[in-house]
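Dropping the structures in below, format is structure tokens.
What follows is a pair of complexes built around chain A, which joins chain B in one and chain C in the other.
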Partner chain A sequence: MMNSTSWGALRRPISKCKDLKFTNRKWQKRPRGSYGPLLFVLPSLAFYVFFVFIPVIGTVRYSLFSWDGASPNMLFVGLQNYVEMIEDAIFWKALVNNIIWTIGTLVFAFLMGLVLAVVLMQSGIKIIAPFRVAFFIPVVLSLVVIGTIWSWMYNPEFGTINLLLNKCGLAFLARPWLGNDRTVLFALVFAGSWHYSGFCMMVFIAGLQSIDPVYYEVGVIDGATKVRMFFFVTIPLLKNTMTLLIVNVLIWSLKIFDLVFIMTGGGPYHSSEVIANYMFYVTFRIGEIGYGAALATTLALLIGTLSFVYIRMAEKAD
Partner chain B sequence: MRNRAIHLLAIMSLMTAVGLVAYPQGKQIVLRMWDSYVAGVENQLFVNLVAEITQKYPNIKIERNLLTHEQEQQTIKPALTSKTGPDLIYYQPGPAYINVLAKAGLLLPLDKYADQYGWKKEIPAWIYNQGMFRGRFYGIASRVFFQGVYYNKKVFSDLGLKPPNSYADFLNICQTAKSKGFIPVTMNDKDQWPGFHHAAIFINAGTGRKKVEEILSGQSGWNVPEIARSLDLIKELVAKGYTTPDPNSIGFEDGNKEFYSGKSAMLLGGSWIASNIVDAIGDGKVGFFPLPPISAGMDMEPAGGLGDCMVVSSATKYPDECALVMNEIFSDSNTKYWYQASILPTYSSLDVSTLNLSYTFKMIAEIAEKPMGYNLDTILGPKCNQAIKDGVQELIAGKTTGAAVAAEMQKGHEADVRDGLFENWLLK
Partner chain C sequence: MGKAAKLRKIRRLVLRWPVYLFLVAYTLFALFPVVLMWINALKDPLEYKIEFNPLAFPKKITLENLEKAWLVGHMGTYMRNSIIVAVPRVIGILILSSLAGYAFGKLRFPGMNTIFYLMLFGMMIPIQAMLIPLYYNLQRIGMINNFWAMIVPNFGIMMPFAVFFMRSFFRDLPAELMDSARIDGSNDFKAFVYIMLPLTTPALTTMMVLQFLWSWNDFLMPLMLIYEDKLRTLPLGIMFYLVGGYYLDQGLVSAAVTISSLPIICLYIVFQRSFVSGITAGAIKG
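Presenting the complex of A and B:
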């Protein structure tokens, strides 16, 4: 057991701890405003400045120019690229698709994660770890791999999904999932949600584990059913977890690129276009670097705003 | 001890002398080359070419960097603007590709070397001109390709069909194949770029070479009824159920496999897949015909073009050596490697009959001897190309009309002209 002197020493600033004997004179003479610790963060700071901060500033600058990415001459156009963006029907389509993606991910991944977490946390299931691993595996897979696998599954000729529908007598539901403008976004969102639901599940499990069992014991004494306890005990106590997860889903959905790029490239005819993929298309396929930079800046602003909200909420949750 | 030192000195002198004899042409230099010949026989082609050149010129070392066309398109601009990129580049010819680099001053004009090595005399004018931009010569296209319709000989034989002589014949073949349970024509456009070729095939069959030349020379535009009608043929073919169901959901490789497996009677494709066809189903199993013209009196020609233009970075430290390597790559002594890789070189005086070539490739080589129409993406600018890519997918889905796509093409074409990328190369 720690005595009172030790507790007091820990509470006081270290320079005032007369009961602690320092024999190293250099340590004692060290100035209070030393920048020494900064050396430890310098590598990360340098990395951040060179690979994040400077490129971000560069991108914002490029967005004010008309440039093909190769020519030595860049034409300053001010905010013209942003005006063009506002008038661009494909940009708005991409933004709407991002919003649909967000809602879809909330419906599929978020709810699926919650259901899985609650089911796995039931006392009836003794061996939880293998299930957790099985449901979490898609999270650690690369989105490129996931995109390739789901492209095969959605293939109208040999894909598993149409094959299963045909075998089950549901041939009328079989369709070219990625080639039809009505189904393509839904198909992509579902594949993305399969990837993301494992992450949601793990966060929910962590949230559920932090709930004090006393609440449930009180519920049992009061005669509450499991369903009522879920809605009136579990859900309110998961509020902070849910808030953080929802904002996280928003950010993830806005920056989605890999899956769309691999599975459809934004097609057919931009019907599965999202902002990040459109930015890539404009920049590298058409060669309009300035306009691509304007899209990138807009996307960064959207993500930055949501990140700010996310961080504020995380602080509140703490 | 002294004797040993003398022996050592003598050995070192000998080694130096041998070195000087072995490398008579100066110091060792390294040329970095980007190419898209990433696999199979095409990769082997460049392995052979590099081996031949470095054996002949031991002071030149060629370091290849293999990238797909798409990867190359994404990275070539920063690579060249940084002045640390490759010395030699295989890149697509045309306004959307090398003209962008040439306009930015990133490519070395090669007029001096064209005179030195006699390229201007040797290379047919129509090929030479496609390497030109704003009056300067920038590169040599390395391969001729064309597009049309491959057909499965066994399926045709079983169904009692013969290659068509008219578009009506072609539609009859489609109907017969469909009624017998075959997919008449494999068409794939999930990857979007095959749309360029579909458009080229149908525009060529619908309007003919002369109309396209009129448009390219500025005497006409893309937004004319002939182009609209040609593009509508794509929509009609899909609507009649004569193509792969839902071509927008089938990737290039999957589409080819559909044809190789015998599920379909015909495939819309280019000459560059000849070696793949031979590998997949064997030699002599397929035939090829250009899509017949829709109107009588028009020539039956495949949509042809040039691919993979070799160009030199303006930042290279070794322009003379780059030109030397280019000259070697296209020399008669090395042309055999191109044919062996089932690639039609743009110019060669080699007697092809002396080579052991597949039946399929000989057929391709014979077709290439005849007049051809125009492939589009390598002669049009980036914005017109994007209009084609989007438009063909919409036509396949039945969401638009040929007239609307033709109007978008014209809009894109005008933007490319404004951007200074498109040049009337017919008048060069």
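Presenting the complex of A and C:
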């Protein structure tokens, strides 16, 4: 990196260098800028306001009404929808499932990503690229495709997982993975983590690459073993990466919709329900727009807070 | 010395094979479900009737399933629709976001910070927060159950992240470039087209790949806005395979999955770097 003190004067835009006298330049006389550049921003701002900002306000507004989506009169009910939500057992079930989803993703995908990244980058092996490419393939697939593949794998009659278990002499473990309210969430989280762990690995690889090798050289001189270096050098230096990734896992787990919708639709009997799917179900299946909007607002508040924290931390880490 | 070096080499090899074993095992785990679908897509439908074993390799490779999925299962139409939606959508987002990103990153104008924070707000909220009013608003302006419905709203929805991403690239370009362009007499727009834009090609490629991926995999908005089969994109089409009567036709489902997953995997192999940097940067949205 360039030393900013010695090169600072040269890297500063001329317009900001008071020691250089170009006082007559037209462009220099507009410290606040002109209205011209606004033209560059206006088109995207217009689309944004129309398709994001106004609808978001609309959602909050809808959440204060009772409406079936078709009738011409909307009934203002104040915070009634939110009261209903707090008393709704399925909402709490969905929220708990989102939390379980987070924990499951942390256990499967986050840890797997860390292990894969460390093994690839620090075990001294020569062949890295093909593994890296292969591990990332599940990340680029759409969740609909993943849901289809895994529904197929979990199928009780012809599913590959039960078939493999039978072949390995573990037939007692074979079961209808998605049809049982005890296994369904686990099965979904596992499929989700299959998709997500490649992403975690890439984030960890980026984190590992930013660690100064000097730390490891010092470790070698001090006679530390690889295992000790992992726990006392790698892990502490990955702290920022890890916090960012954990917040990311939280956001991802709260947002999860496609997989649940495709594979179980939240069933059986809402046992794999998550907030995003419940919101869709309430709004577009049952037609309680107001209540759906209240769920959407709650979800947005949760994700918004986490995203705010994430963006703040990401900026600080830069 | 020679013997010691040899020993060390052998020792390293012995120590490393468990590492490779682990990596190969995980590769199998990561690719197995996908490859299994590809294999089953190539299987003769008759093989299923004789022996119900998705793990077996096909005895005879046939394109029958793929053909059936393409024509009878409408995968051809879905694929065409996915492309019709993705191309204008990606181009539109690229143009709009690079213009705005340039203005935020390199120019100054009144209200700049206010507008920027307004857009940053959009990056923090999930799609669910705008779903319901968007549905009714779009219905009102007739932007429902047509291709526009899958293209135009995304100019707004994808914009916060896209602008944020492009802005950081424009901001990091040296300011002297702008100054010299101005000294040479070009206005802001000319400086953008001839000087800045060529320099942001890597960012534009990443953005293009990422937006294409999001468009290709987009599910929730089309699910809400499209109800005619001839307009469905690949994810929607596959979903209706599952819900519809094709569920038990293994060959057809695997063929459908193959058709929709192969293009994106090939694209990923070609644009690896852009995919990885894009997906890691875009993790918060998406």
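One rule holds in what follows: the second predicted complex is superposed on the first by the 285 of 318 C-alpha atoms of A that agree within 3 Å, B and C clash if a C-alpha of one lies under 4 Å from a C-alpha of the other, contacts with A are read in each partner's own complex, and residues count from 1 in each chain.
The criterion applied here is as follows: contacts are C-beta pairs under 8 Å (C-beta built on N, C-alpha and C of every residue); 3 or more make two chains touch, one makes a residue touch a chain.
Predicted model only: the values in this text are computed from it and were never measured.
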Quick check on the superposed pair: does A:207 touch chain B, chain C, both, or neither? Answer first, second, both or neither. neither
Once chain A of both complexes is superposed, is A:119 in touch with chain B (first), chain C (second), both, or neither? second
May I ask you to decide whether A:219 touches chain B, chain C, both, or neither, giving the answer as first, second, both or neither? neither
Touch test for A:192: chain B only (first), chain C only (second), both, or neither? neither
For A:179, is the partner it touches chain B (first), chain C (second), both, or none of the two (neither)? first
By residue count, is chain A touched more by chain B or by chain C? C
Looking at the overlay, does A:131 come into contact with chain B only (first), chain C only (second), both, or neither? second
Considering only touches as defined above, state whether A:284 meets chain B (first), chain C (second), both or neither. both
With the touch criterion stated at the top, can you tell me which chain A residues are shared between the chain B interface and the chain C interface? 69, 151, 284
Can you list the chain C residues touching chain A in their complex? 12, 16, 19-20, 22-23, 26-27, 29-31, 33-34, 36-37, 52-55, 96-97, 99-100, 102-104, 107-112, 115, 118-126, 128-134, 136-137, 152-157, 159-160, 163, 174-176, 178-179, 182, 188-189, 192, 213, 216-217, 219-220, 224, 234-236, 238-239, 241-242, 250, 253-254, 256-257, 260-261, 264-265, 268-269, 272, 275-276, 279-280, 283-284
So in the complex, the part of chain A that touches chain C is made up of which residues? 11-16, 25, 27, 30-38, 40-41, 43-45, 47-59, 61-62, 69, 116, 119-120, 123-125, 127, 131, 133-145, 148-153, 158, 160, 163-164, 194, 198-199, 202-203, 206, 248, 251-252, 254-255, 257-258, 262, 276, 279-280, 283-284, 289, 292-293, 296-297, 299-300, 303-304, 307-308, 310-311
Per the touch rule above, chain B residues touching chain A in the complex are 73-74, 77-78, 80-81, 100-101, 103-106, 189-192, 245-251, 254, 258, 382-383, 386, 390, 393-394, 396-397, 399, 419
Hey, which residues of chain A end up touching chain B in the complex? 68-72, 151, 154-157, 176-181, 264-265, 267-270, 284-287
